[in-house]
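Common to both upcoming complexes is chain A, partnered first by chain B, then by chain C.
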Partner chain A sequence: MPIVVNLDIMLVKRGMKSKELAEIIGITTANLSILKSGKAKAMRFSTLEAICKALDCQPSDILEYVED
Partner chain B sequence: MTKNTLLNIAILLSRLLKAIVIIAAVAITSLFVYAQIDKETFAEKEIELSANPSIMRVSYIESNVWKDDTTDTEFDLKPYTFTKLNTVSLYINYFKILVVAVLLFLIIRAFETIILSVKTLNTFSRSNAKLFRQIGLYVVFVTILTSYTVLRFENGDQTLTHLSLTPVIYTLLSFIMAEIFKEGENLREENDLTI
Partner chain C sequence: MTTIRLLKNLINILFWGMIVFSVLSFILFIMLLFFPESLPRIFQPFGMFFNGNFPWQLWIVQFSNILGFLLFIVSIYYLKKCINPLEEQRFYSDEVIVNLKKTGRLFIIITIVTTLLRIIGLFVFNDLTNNMMVGSKLGTWAMLSSIASAIGYVNFFLLIIGLFLLVFSTVFNNGKLLKEENDLTI
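This part shows the complex of A and B:
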């Protein structure tokens, strides 16, 4: 998929663990793992909003378009 | 609750139908074996193919009787008795009935598996789509097997050609259901992978 989720980079930048983020935004660690691994087919605006709020960043910091 | 009751009834009916098919197959086999052992019981029993035409079904029976060349006699008055039935014809028809019974059993079993998956809330899965396609194929095989029957006797034969629209509708429905379930599986997967 040409959309890459840079969640790992943002987590390192903010010094936050995956489990912590999952708890804050209210999703399971399994779902967060799907999101990080790029297996997710879609992302809800509400999830994106919660991630941006928790990591104090913009959607463009998390999502990136890379041509195949 | 209502859904579960209906599903339980459907599962029960499927199991009952499976049992009926097994009993019928065993009964036919027993009759077949008995007819081989004690030929006298069925010796004068006349065999006649019958057709039940309707709006959805066209049947055609052709019966032929010929003179026995070896003995210079007239036409056989009772050409369709069990003793005059050709052994190969008897075996072919017996195995045909058995194959149809096996196919019916597989259709019912596939249907039961689908209902069980609906009950366990795993309705839209690839296996269900595959099962519907299998049901469609089994119906095609049953239709092919039952559309033509030939009984050969010593001095005659009977041919039944049978064309029905109902299995065609069932086959189409099965394949359509397979596509619906495949699409359902895609939607479920997309929903599951939406975070």
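This part shows the complex of A and C:
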């Protein structure tokens, strides 16, 4: 998929662990793992909003379009 | 849930009932073929099938009935297999989709095969039956009505149910894709 999720990079930048983020935004670590691995088919605005709020960043910091 | 459990029980009763009936019929068949004298009096009339006076043409109808029955057992077996996941609330599993498709296809095959055999049988022993009944060949309308009765409303209904199951299978397959997409939406 040409949309890449750069959640790992943002987590490292903010020094936050996946489990911690999952707890803050209220999703399971399994779902967060799906999101990080790029297996997710879609992302809710509410999830994006929660991630941006928790990591204090913009959606563009997390999502990136890369041509195949 | 009660509906699914009831359906499961009914399918199980039907399936095992048919298995028992087939085994008993097979035993009766073997007995009639090899030891007709050892059977109780009530079963003796069935011996007419093997006494040489039974017109071979009528075997076509018997064969179509037996074939239809055996295929029906197999189709009910597939239906039985797709009930378990439904009971476990796994509505969109491959088991349900595949077995519904198999059952639907078998219902359609049963209808087509038995109907064709019956129609062939009708033509084959047309002379035979008419010589017995009226002494002349059937007219066009009589023949058409015989064909219609050979198809029969039960077969027609089975064909509809078969097609319905195929549609159901497609619906479940679409449901599975939607569920997958929903599960992967975070």
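In this text, the second predicted complex is superposed on the first by the 68 of 68 C-alpha atoms of A that agree within 3 Å, B and C clash if a C-alpha of one lies under 4 Å from a C-alpha of the other, contacts with A are read in each partner's own complex, and residues count from 1 in each chain.
By our rule, a contact is a pair of C-beta atoms (placed from the backbone, for glycine too) under 8 Å apart; a residue touches a chain by one contact, two chains touch by 3 or more.
Just so it is clear, the model here is predicted, and its values are computed rather than measured.
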item: Combined model on chain A where chain B meets chain C, clash or fit; value: clash
item: Partner chain(s) touched by A:47 [first = chain B, second = chain C, both, neither]; value: both
item: Partner chain in contact with A:60 - chain B first, chain C second, else both or neither; value: neither
item: Touched partner set for A:27, first chain B, second chain C, both or neither; value: both
item: Contacts of A:37 with chain B and chain C, given as first, second, both or neither; value: neither
item: Overlapping contact positions on chain A, where the chain C interface meets the chain B interface; value: 27, 31-32, 34-35, 39-44, 47
item: Chain A contact footprint on chain B (complex, rising order); value: 189-190, 193-195
item: Parts of chain C lying in touch with chain A, wherever the complex brings them together; value: 180-181, 184-186
item: Parts of chain A lying in touch with chain C, wherever the complex brings them together; value: 27, 31-32, 34-35, 39-44, 47
item: Chain B partner contacts - residues on chain A that touch it in the complex; value: 27, 31-32, 34-35, 39-44, 47
